[in-house]
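Each in structure tokens, the structures are laid out below.
Shared between the two complexes below is chain A, which has chain B as its partner in the first and chain C in the second.
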Partner chain A sequence: MQRAGPVRAALLITAKDLRQRLRDRSALLVAVVAPLALAFALGVTITSFSAGSQTFHLGLVDLDHGPAASGFSRAAKGTPVKLQNAGTPARARRLVKNGKLDAAIVLPRGLSAATLGGTPARIDVIGDPNNSIGTLVARSFADSYASYVRTIAVASRALGADGEATIEVAGKVASAKPPISLGDVSTTKKNLDPKTYYAAAMAVFFLFFAVQFGISSLLNERSEGTLSRMLAAPIPRRSVLGGKAMTSLALGLTSMIVLALTTRYALGAHWGNPLGVGGLIVCAVLAATAVTALVTTLAKTFEQANAWLSIVSVVLGMLGGSFFPVAQAGGVLATLSKLTPHAWFLSGLQDLSSGGALSVIVEPSLILLAIAGVCGALALVRIRRLVEP
Partner chain B sequence: MRVLAIVRTELIRVFRWRANVFFLLIMPMGLILLLGVAFGNSNTRVGIVKDENGALARQLVAELNSQPGLETRGYVSKSALEKAVERGYVSAGLVIPNNYDRLLRTGESTSIDYFARPDSLAPQVRIAVEAAVSAQGSDLTAARIVKSTQGGTLGSALGRVSAVKARSPVGVRLLAAGGGKYPRSQGQFQQSASTQLLLFTFLSALTGAVWLIETRRLGMARRMLSTPSSTREIMLGIMLGRWVITLMQSLLIVVFSWIVFSVNWGDPLGTAAIILAFSLVAVGAGLLIGTLFSGEQQAAPVGMIIGLTFAAIGGSMAPLETFPATMRTIAHITPHAWANDAFNTLLINGGGLAGVWLDVAVLCAYALVLLTLATWRLRRVLTT
Partner chain C sequence: MSEPVLHCEGLSKRFGDIRAVNGVGFEIAPGESYGLLGPNGAGKTTTISIVAGLLEADAGEAIVAGRRLTTKSVSAKSAIGFVPQDLAIYPDLTARENLTFFSRLYGLSGKKARGRVDEVLEIIGLSERAGDQAKTYSGGMKRRLNIGIGLLHAPSLLILDEPTVGVDPQSRNAILESVEQLSSQGMAVLYTTHYMEEAERLCDRVGIIDRGELKAEGTREELVAMLGEHDKVHLTGSGHLEAAAKACTGIAGVQTASIGDESIELLVEGASAVLPQILATASEAGVAVHRVEVDEPNLEAVFLHLTGRALRD
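Let's turn to the complex of A and B:
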């Protein structure tokens, strides 16, 4: 019988592992189904950092029946606020509670008189605590009106005006050019849309689980006795290690490529320049495999390795922004986030998808390779222990 | 008694495995901490580049910070601010020009560069920033009118205006649509505590399916059947064991988050009802998965997929209120959405058991269906 060369032996081991994992469908579930299901679920529900303008429907209850209401309507022009008559306060409450209105503003009786120096009045903003954004918009809107009334009151008092004179002052305030204006500078968004973000985030999150099927199965083979049998065969140890590492790399690469293509064509994710994406994927797979190998060499049994690997993968994923864009939080968390391969992979994609040149992936790729290098070297030092007969 | 012995065995098996302590308790607490620190403060961040430090510029920043729901973060340069806006680290940015005070004090108008992100928070931020700007503009406009009416310099008019120190004769009060005062803003960890409780108890119960499969693979089920225990007792023991574990996990999360993060869990009866019903749903789902698969390699990932996907759709990863309307309806396929609604009623609106009975009833219906199916499957897999 012809003796298998070391490379061929390694390939045989890889092929056997891949067949096993495909047969029990675990690889398919972890590397493809899980990330796809989650990318889809998160992509359709999380829109809070997505594009698209929003209109706020605010109800107006006019108990004042004076000119104040038209002041509100004027102020709403050109803003994303749409005012509609809500009738009575009770009806407004009901509409807000049912979610038909984002919030409501009640203009009290005597508001116009208060504006012109009469007895003070109070505007009620009716909001739903479950729709805090709508409530804040209505409140800011009412606050702006209160500032306007304050201007009239202050100017009138400084001038010692009352009665007719106040009306004149009010007219001047209404027609005054605001001293401070906001000059809009448009910006482009340089972060991924939720669909793409979660497609990539889930892909890299589950990558850390997918690569476990390779390296860490060494411990399983050892406890089940198949490792001793492999070592008894005329196969160099490096072939066994190489075969296992190749299983990890093959599963990781396949998973990432399948996910990138599926989410690109089925979910409409925008991954960016394929060459750059490919480069980042290769670096991320290497980093994930090295981290997994290192954790595996620290464990004593297969069960322990599995538990530790799950913990490491989940913690790195959470910190790295796989579920929540942690980098946006700033502070210590954003710094911690930068220690994870996940964060670098995602930020590389972010720069790439916003139309950056290929050079934008150099920094994240080098850092991913550095993580792979350091963890891989440490793992290599320790891993021989695993294949002692 | 025999039932209790089985329950005890289940508990010992779960807690002997140290990693379980991590997943059952440390992980949820870690996430409550992470989410609380990162996003618990629901203020929208506005980046500011202050090219000068005049009184009016400082007043504008103070005015922005006093807007409800806004907070500012300083940046050193326009380009740093622009990058932060583009990356989404802040929702908008303002550049206060270096001649801001001088222009305003000499009666000129000034323009503040406003960097907005084209996203759904943009309109809210813009309106709040405008409110702050108009509050600052109030004195200036008044002074200009004083000057144009009485003559003199703008400086003296400003002096007279600021001497008035009037508050607006029009106040603004917030009311809750459900009646009563609008609740004050929630604690930093409030929102994440209840959502993560649901996410993790459900996820742990589902991945716990692996234990049921191990019970069969190791032959424990056969050995239990060979004792004088009836199948019913064994099934009851297994189910109770899983329920006790889920309840212990819930209780620990409630107690720890209450002590460590001062999370307010609202009406105790209401919270207890939600947790009891939801944990039954979780146990039913976990047992069903444990009986539908014969290998741990399949049950574990399937449990994780369903556990995380349901949490995402059901509002345990992003609040339901931020979902598009259709998705909010679809979300109610999951038990999470009903439980999250119920927690919102208790924790945000300060409701009691009476306010959540419908949600709890729906959860009980889920539990009934899942437990019935699980019992039927469990009897089959244990006895054949």
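Let's turn to the complex of A and C:
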């Protein structure tokens, strides 16, 4: 009598599953399209708010017509602020309200005289409540300029320089590159840029959905009767389990690799050393498959498993920082975050992306493997019931 | 007699407090069709599941083609073709893909697998639609594909678990013809049904199963002979049927009486002698009899005789 060997049988089941998933396009949607779309949307949105990536158009209402205004304009050079003459305060208010300007700064009459005389003066900022960032930038810019003027004025007076020179020096100082810059030499790792962060975060978030098509489909096959048919075939039951686990692994790996490559070349994400990224991906896929297997063994029906897996995937994703870096919130959330595969995957990637050696992935990889081991072992204890007709 | 393809003895299975199968044993010879006849919940599917290697029996043993069958016995399973009651096919795969997948699980490969898939497609009449996804098939076509999968490796024993449930009459007839053909080609068939007509038409021997126990087995003639000189009397009428049936059981010569759809079914000894008394009793109980039929006993009558209830109960 002929029969398929255990490994061949498992591979046949995996191939059949993958064919089904490709045909109904569900896996493609969950494993590639959705994470890619979200990574793109979130990455681009967040990037647009990042420093240096956007120019803020601020209106300048010069009622002073003195040297203070020209010093102010010079101060804007080399910054993400573009100043344009807004005419009158009323016009500036209208332009801000219409969204033509992010905010406007009003230099009052007598500002230069006040600065020269060392008397107090007030610079007004016109902002739009719907554009709080633009308003904030305008306030900071005005504040910064005032601070420079104040500093230089004090210094000039001490040196006996005249007021006009003080303003000129203030403008030059404000637009000059800082002679001393601060480097990030803290013990904390560098953050991933938004594109990379959300590419990786969405990839690992949707990984937990992609791997569900393997293991949890056992419950579907049981309700559809096809599991009985497989169990009646001359193959060991471990081949059925193995085939389903391989489906999960194949879908998980494919999803992660496609997303890493696509976001690298289409979005410009910087994942880091390919070898290290590959290692982290393998560990994350193993962990996701084991968690999915464990949750599936607790469910009685396919529908129940799907519901529970969705909840677990979303909760783990949120805690693990797939939507925002929860760990930075500190406290309990930071501790809970460390229980998720997502957090360790992103942590390993951050270390790797900031130029760390391959050794930086050892700790996150080991923790991901530990999660896979513990959940996988618990799943194995209960998984027998999944391969019963 | 040649060595049986299937020998099972003392099969028992409990699910919690429920004794689903209790000491069931029977044999099937090569080329023989054996029917397990019983109502829903009688233990047919549990017996089949043990014999197909899906469930482990609590007690007893099953031997298929000389090999002891358990859920782990890969070699014994090679001799079995299993057709479950549900449509166990992948709707999003084509008929050819469904057949190819299962043929490979049964160890066929390459040209041999392709050739056998083509043969089976021919047998089940799906050659022309082989490339279409199964979800586009009619109910009858899906049923035929469901059976075809069980034939792929030309098994010594084909197990069919109520393959005609929920099937239209035309498809049902096609399925029965297929089974007759396979049986005539020398394949042993184990067929479960709760349709008496199917058991009578298809099966060389029938086992009557009820409440997990095999009550009797034999050819149709042997089983009917158990009833002796009994006739089946069928009264169609209206009124207090239950009271009338109860009253009729008190008549000498009436063995059993059961209520059907506006009818009473009785198993009687010497119908011609007892019939007047039956009609009188029915009338006294308030039943207006519209029609009387007296038949030769059949397997349904045997079931009634053995269990005291009708197959459809």
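Everything below uses one rule, namely that the second predicted complex is superposed on the first by the 244 of 389 C-alpha atoms of A that agree within 3 Å, B and C clash if a C-alpha of one lies under 4 Å from a C-alpha of the other, contacts with A are read in each partner's own complex, and residues count from 1 in each chain.
To be clear about the criterion, a residue touches a chain if its C-beta (ideal position, glycine included) is under 8 Å from a C-beta of that chain, and two chains touch if they have at least 3 such contacts.
Bear in mind the structure is a predicted one, so any value in this text is a computation, not a measurement.
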| message | Is A:Leu366 touching anything from chain B or chain C once the two structures are fitted on A? First, second, both or neither. | response | neither
The answer to whether chain B or chain C touches more of chain A is B
**Message:** Going by the contact rule set out at the top, does A:Leu261 touch chain B (first), chain C (second), both, or neither?
**Reply:** neither
So, A:Ala377: does it touch chain B (first), chain C (second), both, or neither? neither
With the two complexes superposed on chain A, say which partner A:Asp24 touches: chain B (first), chain C (second), both, or neither. both
Review point. When the two structures are overlaid on chain A, which partner does A:Arg237 contact: first (chain B), second (chain C), both, or neither?
Key: second
| task | Could you tell me if A:Leu298 is touching chain B, chain C, both of them or neither one (first, second, both, neither)? | result | neither
- Query: Of the partners chain B and chain C, which touch A:Leu275 in the superposed model: first, second, both, neither?
  - Reply: neither
Interface residues of chain A shared by chain B and chain C, listed 24
In the complex, the residues of chain A that touch chain B are 24-26, 29-30, 33-34, 37-38, 41-42, 44-56, 79-81, 93-94, 96-97, 104, 111, 114-115, 117-133, 135-137, 139-155, 157-159, 169, 172-173, 176-191, 303, 307-308, 310-311, 314-315, 318-319, 323-333, 350, 354
As the complex stands, chain C meets chain A at residues 49, 52-55, 71-72, 74-75, 77-80, 82, 84-90, 92-93, 97, 101-102, 104-108, 149, 153
Chain C partner, complex, touching residues on chain A are 1-4, 8-9, 12, 16, 19-20, 23-24, 224-226, 228-237, 389
Residue positions on chain B within touch of chain A in the complex are 17-19, 22-23, 27, 30-31, 34-35, 37-39, 42, 45, 60, 67-69, 73, 82-83, 85-89, 94, 104, 109-124, 126-131, 133-146, 148-150, 157, 160-161, 163-164, 166-179, 182-183, 295, 297-298, 301-302, 304-305, 308-309, 312-313, 315, 317-318, 321-324, 327, 331, 344, 348-349
